[in-house]
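Structures follow.
Each of the next two complexes has chain A plus one other chain: chain B in the first, chain C in the second.
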Partner chain A sequence: MKISMAEEEAAAVHGNGDSDEKVLEFLDSLEGYLTLMESLASTLRQGWFELASARHSMGVSRVSSASLDLKDHLASTYLEMTQHEFDESIMRQPQFSLRKWASFENGICSSGEEKPDSPQLRQRCPSQISENQEDLSKSDGSHTTVDDLVKKERSKSLSVFGTLVSPKLRAAQASFETALDILVEVANLRSSMLSARNQVQRGIEETRK
Partner chain B sequence: MYGFEALTFNIHGGYLEAIVRGHRAGLLTAADYNNLCQCETLDDIKMHLSATEYGPYLQNEPSPLHTTTVVEKCTLKLVDEYKSMLCQATEPLSTFLEYITYGHMIDNVVLIVTGTLHERDVQELLEKCHPLGMFDSIATLAVAQNMRELYRLVLVDTPLAPYFSECITSEDLDDMNIEIMRNTLYKAYLEDFYRFCQKLGGATAEIMSDLLAFEADRRAVNITINSIGTELTRDDRRKLYSNFGLLYPYGHEELAVSEDIDQVRAVMEKYPPYQSIFSKLSYGESQMLDKAFYEEEVKRLCLAFEQQFHYAVFFAYMRLREQEIRNLMWISECVAQNQKSRVHDSVVFIF
Partner chain C sequence: MAGRAPIATKSSALIAMIADEDTVTGFLLAGVGNVDLRRKTNYLIVDSKTTVKAIEDAFKEFTTREDIAIVLISQYVANMIRFLVDSYNMAVPAILEIPSKDHPYDPAHDSVLSRVKYLFSAESVASGRR
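== the complex of A and B ==
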């Protein structure tokens, strides 16, 4: 996205109040996008550094690519994409959301269901997931909460490196998790930025007509 | 009889003690580390190391260099020195030198078993094993389904066999069982090494008791901190602590029930040698604990060279070289990730 193009477009529609608003919206999105990208770079850098610290602490043989699990297993996190009709025209703004640590939900509901086509990923409807979460919290008077299960899933994903891992490895996991959240925010912001840019361009074309 | 080693030690151990003291003189100094910390790329590190004893091991490595390559080649140098000393050692020094490698053997066994559980290729796993911990039938570990088979098929003919008596079960191997197996084996190994050194007597027993007790205590602290918030029960945690060391038995009882780093700190501060370690950390922080422990270990290992006519110099040299390799790995990672401002977070100067 070129800043010079944004400035040119901004100049072209100067004087039109609605257009100004759209331009400002676009520039705000652009600023948010650049800030998020910087935050993402910093978080990833921190994550890689913590991973190196964990290797230093636990030993090279314990934290290496040889530890990763090649068996088929359920995805612990998946990305949902929805398309929103922005207005009557064919402009659609995709929205992304992350379902983190969803493998425990899949595990609970897997017993009565048909086997999915892909053994590695299961696609679930959001309404089914929220029903399952309610069932989970009410089940059998158990004290297990969703937070406890998420914590368990986090430990399970780290268990490829052993069950007694250094706090530095857990910190690296938290950093990469944050980076994933930021990535989804970046995708959403980029989507709204592209939408705002398209509106500004349409405004320019209409003005020229 | 303690104090009379000077009369007889040099007959069988004098030459190798001189050799190991010569090797010690080749350890990197603070000036070397300062030069290395100012490098911009891994090729600069290679250039600086070419003027040290690591030079011949790195000179033929092509660019771009990777941190794993630096660690691998530096480890090869240590392995060559160790094998050269082992082949010239007589009993009981040869047994003592072999004991030093059993820890690596345990790590290799766990690596192969874990990797097989995760459906990794055995050849790939063998390449990641530590060369000091290799033994002939190591590749056969991949066929075992439980600990009983692990013992019966492979480990019964290795030096680790006596350490398996406490953890033989027919349960299938999974991540938790493997972790408990690792720590149980290491506990049995440390206790056996401690008993062997006590049997040797003299300065070896005195100095090695201190070094192994420190190792046992450090392991207890690490197991405690790493198991906080996990499914490991207090009883299981208690069983993984060694039955010797400054913390045995009362410190272990308190560590077993600790639920956070501050409680661990409260336990350790009751012991004067560890008070100085924890005084360097702020409350609630555990990031610099590793470095504090390594610094204390290096101090004790260097003191082992102040006395003559004992075997602890061999153990101290091997551990100091391993610390040096850890330092080089850390410096390489910081340079590769452009985090030179953090390089002093984990480098421990030896001299």
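== the complex of A and C ==
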């Protein structure tokens, strides 16, 4: 009887230790989230300032929503999402990673099963993209690297605002790319913060029982 | 079920935006813009003429589309549809409230932080220690 009571006390202490660990994990995520939001605000301010400078030098009509490309096109920068299913009682914790300038010309495959009305993103084929890179380096003898393809995609994005663009517009593009990196980190921290919160909440509910 | 390895599924997805012109233009420069064959975009530019209903419709559309994983929304726009944003509780797409030029980020209004701040209330802490 005494041994079982001691075992129960030890389990309770160990349980409290686990709860403290979960609370600390949650607080770490929260601190990271707030720090990243501060960093995001600073990066966005820089981007807005550079955009305003570009508008000043290129003209208001050139750098506005009227110039945006409304013809059908795929996003060059997109997310790769991994969802981990631990068990049915725990909310899925998605993880996001950014794929920048990944929409290479002729590097997109479409699934034969895809319906025209389907909202599904047309699938990108990493193997097809790498094959195209090899073809590019072999066909004309020139050494086309991934960097060249990325530069081409960046230029394509800038060309919406005209052939010759201000260096400030290129700087704004770089700032908003950095902002995207931060936002993906924020999204991942949000995911882990909500997961930690659920674990803490579950711990509180189990303690109440 | 015990000891089963976690299953991971990977998929590609878009970033959607509901924000002012400069913010949307900047992120489109970074290559996130997508226009499908039906001319549906993954962004909504909010200006003085944009109605609350249009913002609500865009929010509902982006949060129900299967090809969108993150929705960026300016916090001042989120405040216009606060009830809708706060009642959203799915993991995907993730809703991220971002600052805008004229409205700095306010943690007090962030829907994610609102959901977790109750953990710091005296009642929840005291009940956990009983």
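Everything below uses one rule, namely that the second predicted complex is superposed on the first by the 153 of 209 C-alpha atoms of A that agree within 3 Å, B and C clash if a C-alpha of one lies under 4 Å from a C-alpha of the other, contacts with A are read in each partner's own complex, and residues count from 1 in each chain.
To be clear about the criterion, contacts are C-beta pairs under 8 Å (C-beta built on N, C-alpha and C of every residue); 3 or more make two chains touch, one makes a residue touch a chain.
The shown structure was predicted, so the numbers you read here are calculated from the model rather than taken from an experiment.
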- Task: Evaluate whether chain B and chain C can sit on chain A together after superposition, giving fit or clash.
- Result: fit
- Message: By residue count, which of the two partners contacts chain A more extensively, chain B or chain C?
- Response: C
- Message: Quick check on the superposed pair: does A:L36 touch chain B, chain C, both, or neither? Answer first, second, both or neither.
- Response: neither
- Touching partner for A:G162 - first (chain B), second (chain C), both, neither: first
- Task: Could you look at A:L149 and tell me whether it touches chain B, chain C, both or neither (first, second, both, neither)?
- Result: neither
- Message: For A:V60 in the superposed arrangement: first (chain B), second (chain C), both or neither?
- Response: first
- Message: Per the contact definition in the header, classify A:K100: touching chain B only (first), chain C only (second), both, or neither.
- Response: second
- Query: Which partner does A:A75 reach: the first (chain B), the second (chain C), both, or neither?
  - Reply: second
- Message: Using only CA atoms and the superposition described at the top, report the least gap between chain B and chain C in Å.
- Response: 5
- chain A positions within both the chain B interface and the chain C interface are 48, 52, 64, 68-71, 160
- Please name which positions on chain A make contact with chain B in the complex. 45, 48-49, 52-53, 55-57, 59-62, 64, 66-71, 151, 155, 159-160, 162-168
- Item | chain A-facing residues of chain C, complex | 1, 6-15, 21-37, 39, 41-42, 45, 65-67, 69-70, 72, 91-92, 94, 96, 98-99, 101, 104-105, 107, 112-113, 115-116, 119, 124, 127-128, 130
- Item | Sites on chain A touched by chain C in the complex | 19, 26, 30, 33-34, 37, 40-41, 44, 47-48, 51-52, 63-65, 68-87, 91-94, 96, 99-101, 103, 116, 119-121, 123-124, 153-154, 157-158, 160, 169, 172-173, 175-177, 179-180, 183-184, 186-187, 190-191, 193-194, 197, 200-201, 203-204, 207-208
- Task: Within their complex, state which residues of chain B touch chain A.
- Result: 68, 71, 107-108, 111, 114-115, 118-120, 124-125, 128-130, 175-176, 178-179, 182-183, 222-223, 225-227, 229-232, 286-287, 290, 326, 329-330, 333-334, 337, 339, 342, 345-346
